[in-house]
């Protein structure tokens, strides 16, 4: 079974502002594949490149190296016009719903807009009808259609963004922090909506978030990134109890648990490695890793397959086949 | 007498549409204790903090009383003097609220003491190589380290009370835990009280002795943290607690959520403000706004509160 | 508050609430109406010479409310004609600037990169050329007429508009709803026309309103110099030129057209300010 989406060695660089020669490597040699109907989670913290990766898949940023294949065909080298036809299969839900809708268009106009490009034969009323159906499918009341974005709440707007992404029946939907800008009491509505729609339509998804708890609930497989590099990919049932990469372990330990009797650990010093940009040589996590060896600073670990379809980029991973235990205290 | 005593605090904004952001809030912070105000958008929690420190926008009017160590803070002249001179420190969500980008860290801290004090304070906030950081600019540090410096700046004059507005929200998750731990330790070491505003219940769980939940400008529940987390009594608090996704949840489970959305500031509803979203609302709730009733160290504004320990 | 056009209606309401701006708008409309309908009603033609009343002050002779000039032509009628010409040139030149400047700037800002650099270099080069010099050359080549003047002013008027629009477009380009349109398959033309331009119309309208008085002043200056509108046609500029000569003996010949010019420029500027306040969508 060939993968729906496959990335091999994808690298994205941003030119540094101010005219300096140093470019920032936002994504460094990322490789993974996504099957049809699968929901893959992508977690990492600021600067890990997860958003950039999502944008690279949608050709919003150019690749410096690597390949992107869609249903076996290379799409990164396609001309702009050819790729535009393909866009209806690949859609995106953004983080800030207020920013991703044109403030000067009504909600229903925004939802129906992709139809103008992908189904040019449709008349205005037909478009409105399809848009209204999409609006209904995401659970929005009909009276919201003629409103402007500043007259709706964040949760309602995000539903509209999802309606717009789904209107041309894509096969893959990239969600870039879709709930991070929403109130906690509303986040669940959007997550549940995405989950339901995915089940109903057999949609594949890449769910990007810094919130491991949300990702773990929604995605069967999870990919972890650190400073532009993919460090671990595993099914969630294996990742959560038994992470193989020290950074994954650190992320899991840092997830706050809300419990009446939770004891707060004593304050540690700021890790010296907190601010360094990724090193040119060696493992990106070496500066903060509690299990670091001399080898780690010299040799960059490649993403290697382990048991059960797992992949890890760590020299020492084979030493703890049962996963790393939680940090003490 | 509590260190900070807020009575009947109300914040109104004038303009094309008058908006009441905070509606008659009563709150007290005892010495050396940490109180967290939890709320979502439109709850008024940030405006409450800004009103206490005189940092409201130009069209904001605060009324009521805010007493710090017996002295009235509201309407008492220059905000900066109020904060620094009177034993109150402030930590913002973004360190750029307290640190000027174009001056060295050492210079900024030394304004409030001596360079030696500055270095000692940086060590206190557990920044390694403190001396080197004195000559650096804020942008040369990571977000987490900048926030430590901002905390150091707030502590330079040994305040008795620290106001913190979403101190960890802009930080990565791995760093958040460290800042929470740092703040907790510092409060203990320096005998400092803290009034913390946040939407993040994880932060609250690690830091606060007491929690006050705000909704649409009002406090709807207040209780000790342990009691609260064991069993919140207000339907909104219960919904909020249930809505936080937990990594221990069974995979694929639906997230619990509260239907609808918080009311936009400025919309005035008769009766209880939470009623449109409340699963246990009754007819009476639409008509009469429940008063805030305190009993035995806990307070609640609800006609039909949940039983403790139940959901 | 819903319905298409709701945003513009909001803005109009805000504008209507601004009394000063409304006053200026009323004055401008009045002046325009006077310029268009006034002269026929007053009974004098602008080149009609009243041999009996030459250089008489205002309100002293029959029918000549604002007096006459050296040649006995009625000041009010001449001024209204002058207003007509000045307004016509200003409005059309501004319209041309708008059309060229907005399309040029929006496209450059959206495309970024090399296309943007080339387009803006063109603007920079034209900007560096001395405008008056070229107006003179054009006048010599094409003869003195309102059309020449319009061409000359229009050729330079769009430059600043293009720069402003390009700056706005560059910022808009980074906004997520533009990325969303790209992901939604829209092409460059549609994105520029449907997303970029409507979202920068605010500053554009304001700037256009402030351009009109500038053009009037340029035209007046050129006519004053003898390059623009020539006798017997009247424009505010050449009326002021004539009046300046008689300043000490017949003050009204200068005062009337000058006051008209000042009032016109003042009202346009105030209206522009009012529009800027009204069109700011973040005003909640």
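Should a chain be cited, it is by its letter among A, B and C, assigned in written order, with residues numbered from 1 in that chain.
The working rule: a residue touches a chain if its C-beta (ideal position, glycine included) is under 8 Å from a C-beta of that chain, and two chains touch if they have at least 3 such contacts.
Predicted model, so just to flag it, every value in this text is computed and none were measured.
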Label of the chain whose CA centroid is most distant from the centroid of subunit B: C
Which of A-B and A-C has more C-beta pairs touching across its chains: A-B
Distance from the mean Cα position of subunit C to that of subunit A, given in whole angstrom: 51
Chain centre separation in whole Å, for subunit B relative to subunit A (CA means): 31
Numbers and ranges of subunit B residues touching at least 2 other chains: none
Touching residues on subunit A, where the partner in the complex is subunit C: 55, 58, 60, 84, 87-88, 90-92, 94-96, 99-104, 106, 110, 113-114, 116-118, 143, 146-148, 150-151, 161, 164
Subunit B - residues contacting subunit A, complex: 40-41, 126-129, 140-145, 148, 172-178, 180-182, 184-186, 199-207, 225-227, 229-230, 239-241, 243-249, 251-259, 261-262, 264
Parts of subunit A lying in touch with subunit B, wherever the complex brings them together: 45-46, 153-156, 183-189, 191-192, 195, 210-214, 216-218, 220, 236-237, 240, 250-262, 264-270, 272, 274-275
Subunit C - residues contacting subunit A, complex: 1-4, 6-7, 175-177, 179-187, 190, 194-195, 198-199, 281, 284
